[in-house]
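Below are structures written as structure tokens.
Okay, so chain A shows up in both of these, paired with chain B first and chain C after.
Entry: the complex of A and B
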């Protein structure tokens, strides 16, 4: 294999993923009101040519609702991942300033990592009273520690790099070194870190919503769709449960692969 | 001898750290609950709220100490905690410690069997995939692991119920026993029958991380000098995997298994919700949805203890089994 081939593959994949994701983001333009449109003559219709993925108990198209749900998941995921990365970067940077701060932040990381994610999510969602914003904050607050740990370790080793030592002996302040030497170095890590946080964020958002403490149950979120499907599960309306989850799985896989490709390319 | 002393010191340090972390968890959980816009008195009263006069409400609030500042309340709660009193769960009308122990005794069957199975199967798959890197078998196994790592736990549960309970009718749809039968009267076989699908779902998802981790280890081993030497002596890949690989990869796998208890517990919450399995996970969701603050706090602390002890075991395993590892900060 020639050395350019993996890069070419990476670029092709990234282009493909970007096109796919932008179609998803722009979906309201071509979906219109389809996710909320009720058809009382076609309730709980199985998948067919006229109802691609079937309809739910109110005759709403499952494919349209799934797409709308994925779009919502995407936004929540991206906001939570960016917020989580920002928290991780800030705290990791602060940790390099003094050993006391470092100890404090390490303790905070250990504390957050010792509570199972879902329980911490439940607690934070409970504290903030539910809703989209609460979910974004909750997911960001539970997911930054693992990234902060990596960034902190990276920053701590960088502190002893020759160029940083030279800069320090030239009399540059800690803040200057942090801002101009250390941070630019870890920014690529942050990008990949955010992309790696993203799938976790999406899956946890869906789980939280599924349990009934996340997004508003009137929105077509994947968690809401699946919770709905649970109600009709014994009657055998399999399309209600299978497709939204499959959509979520594909979205997560797509972003996961994107992160993997980017990490290898960087 | 010197090693023993250092090990004891290390363990003492870790236990101290564990206590500190648990204290922080308690403070964090308490702080979060205090932030909540949901009024605990309203939540306690529920629909009876209309029958209670403002004076009575104030009396309840005073009786529960809601008038005092949060720091005082926290101190009070902490003192109670230290004397082993976790409070009263209003949704189950039982002491929190009793709810947790009852529920946990049911969850432990689910958790331990899923944990054990995922460790064993995950390890075996990882060894096989790593030993035959690049083969079709390896591609199938790692592809499976990548996909399950991206699968929503609860969705797999739903698909499992649809397939095995609704269509094939092999497994019961819900609960820990048949409806209308007291839990003491349920036979072991019925119990296992009810556990089969939840355990299988939880296991399928737990396998991925251990498989991928073990696979990486095995690949590293196969490229190491140990393997080159063994190849030169005429050993096959299977021989090397069997003689060196398992020893080489088992410790990291076991460590990972202990370190991933939190994730396992998170998965169990969702699985219990789907299968209506009356374990600790289901109680957690109920406590969150119906604002049972003492129970929520108790569960947060209990699971933090559970996860921290798991992490401590993971670290200790390394120190006990592999003496080359530096003995921590001391």
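Entry: the complex of A and C
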């Protein structure tokens, strides 16, 4: 592979992601009330020219609900990813301040990584009473340790870099060194980490909602669509689950590839 | 020679396997017809109130026309002052451990149930006395017309003082004189029962029944895989059945509707801590308008896929309900006028307001119930053009009890073979206790009619008062009176049954708890070889 290939891939993925995400973000402008619009005379209609991806049990268009669901997933994913990254960066930065704090945070990271995060996710989401905020907080609180470990290692290495040592010998404070010398170097890692966390967040939002402790079942979220589809799948209404599932796969794949390519490019 | 021997042996094995499978199919039925009772199979705590107690026998049973028929009691009479029931027991009734069932057990059951605080309401019972081995006398504190329903629903348990008598673990290890005895119960998974060899009636056809406790979608998957012989299905899933199964539809008085909180929110809380009242639904104009906006035929079509009928009261078609409660709906024009006259102004955001109070409230339903979810979503859609926003909200039952029970409109379901349920639902004495009158409905005239019905001399006289409680020309709990509910639909219970299973002539089912389809279990037959 030539050195320019990763950059080309990155540009291609960015372009695709921009198109997809722009479509999702702008979708309320042209979707209107379509995701909630019931058509009682077209219930459980299979995909056709008049109903592109079919309709659900209340005659609502699956394509409109899938788009609305992906949009909701996107916002939940981006919020959870940013919050998770912020937690990881903050704790990694604190770990550089003293060896005791470093030991404490390392212990916390190891402890959280040793617990299956789906169990933690369920417990936190349930304790917070479900809903969008609960899902965002639950995903963020369970997904920061991996990124925090990477950032901590990077910051600890940088702490002994010559320019940091010079700055320290010139009498600069720990806070100054952290803010002006260390953090700017790990921001690209944060960007990639957030992008890698994003698909996890989306998948976990769908999983939590599917399990009944996530988003409101009356919202057109992907987890809700998949949970509803489960009830009908054995009765032959395949389109209720296949299209939202494919949409989720596409979104997750797009973000994941983008993050992977960026990581390699950076 | 050896080759032939092997072929013969293989053939014999295949024949034996096929024959044993056929035998097993005849002797064992696998049923997935609903959930299990949390409190166990204890009649003193409510088991059997909504269907056949299976393990226990009752004093009387209910015929197809809902009239009383002999069961453990072969003769029964009520004294002139309507305060004493005297019943004569059959002398061939035995518990599943082979010990005889006597009047002592019956007296114990009734006395214990009256103090147990379960679903069996024996508050009218003064005392149950065993006169001799086969004669029992039930003395009442006051005449109560619905007391006979307890004779038809309360399963008899063995007296505590006898060997294998009633104890703390009875619900998990029930002993009764019913057609079946419990073999194994794995909570949340399955229940296995076998024929009671001492049952006094005609032995049931099937030696063993296995009840599976599965979710709606799992039940259908199991039916498709040929793993169940009878499966209860939500109407939405009843369209596509596997070829080896047939659809069985059981008519019911099992209704679904919206129970409104009747009191305004004043900060008051129930003894459970749940907030009481809702400022929107406390307004009768809102309740009337919602009733007028609901297109019940469409609700039946969409939420029940046609398996049901519109509902206008808690006991449509039964003798204690008015026959003329139905009205023309949807009628949005009338509903708009009602709301305008009541001061609910339509604003630019499409919502009505009165004194800055938006016409918005939660419509809560148990999240695990597909049918109630559909009813909530569709009814909210029907009401929205009026400027009233009902917000469908799925919650777990625990959460409903803790938070929503007295302040949210709730999609509830009831339906009983007894007018006692009407008493529970609308008498102010029951306000705030359990699920029945959770909206804190109270009307002195309605209370009076309900009390008069309970004290009536006979069912016919009582029915007039039950009907008057619904609407007496001036007031009532029904849609012409206080509009305490918006009844939506009466369900038909839909089952997928193996083509070889003949479930006989089914009666009219009450509300779904307690496996009502098993009421005629003794008449079920396997029609294939």
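Everything that follows uses one rule, which is that the second predicted complex is superposed on the first by the 257 of 266 C-alpha atoms of A that agree within 3 Å, B and C clash if a C-alpha of one lies under 4 Å from a C-alpha of the other, contacts with A are read in each partner's own complex, and residues count from 1 in each chain.
The criterion applied here is as follows: a contact is a pair of C-beta atoms (placed from the backbone, for glycine too) under 8 Å apart; a residue touches a chain by one contact, two chains touch by 3 or more.
Here the structure is a predicted model, which means the values were calculated and not measured.
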First, second, both or neither for A:236, with chain B first and chain C second: both
When both partners are placed on the shared chain, which of chain B and chain C touches more of chain A: B
Which of chain B and chain C A:211 touches, first, second, both or neither: first
Which of chain B and chain C A:199 touches, first, second, both or neither: first
First (chain B), second (chain C), both or neither touched by A:122: first
First, second, both or neither for A:226, with chain B first and chain C second: first
Partner chain in contact with A:110 - chain B first, chain C second, else both or neither: first
Touching partner for A:245 - first (chain B), second (chain C), both, neither: first
Touching partner for A:35 - first (chain B), second (chain C), both, neither: neither
First, second, both or neither for A:256, with chain B first and chain C second: first
Residues of chain A contacting chain B in one complex and chain C in the other: 212, 230, 233-234, 236
Of all residues in chain A, those that touch chain C in their complex: 38, 40, 43, 57-58, 212, 216-218, 230-236
Complex contacts: residues of chain B adjacent to chain A: 17, 20-22, 24-25, 28-29, 32-33, 35-38, 146-147, 149-156, 158-159, 161-162, 166-167, 173, 262-263, 265-266, 269-270, 273-274, 284-285, 288-289, 291, 296, 299-300, 303-304, 307-308, 311
Of all residues in chain C, those that touch chain A in their complex: 216-217, 220-221, 224, 234, 236-237, 239-240, 298, 301-302, 367-368, 370, 373-374, 377-378, 381, 391-394
In the complex, chain A residues that touch chain B: 107-108, 110-120, 122-129, 199, 203, 206-207, 210-213, 222, 226, 229-230, 233-234, 236, 238, 241-242, 244-246, 248-249, 252-253, 256
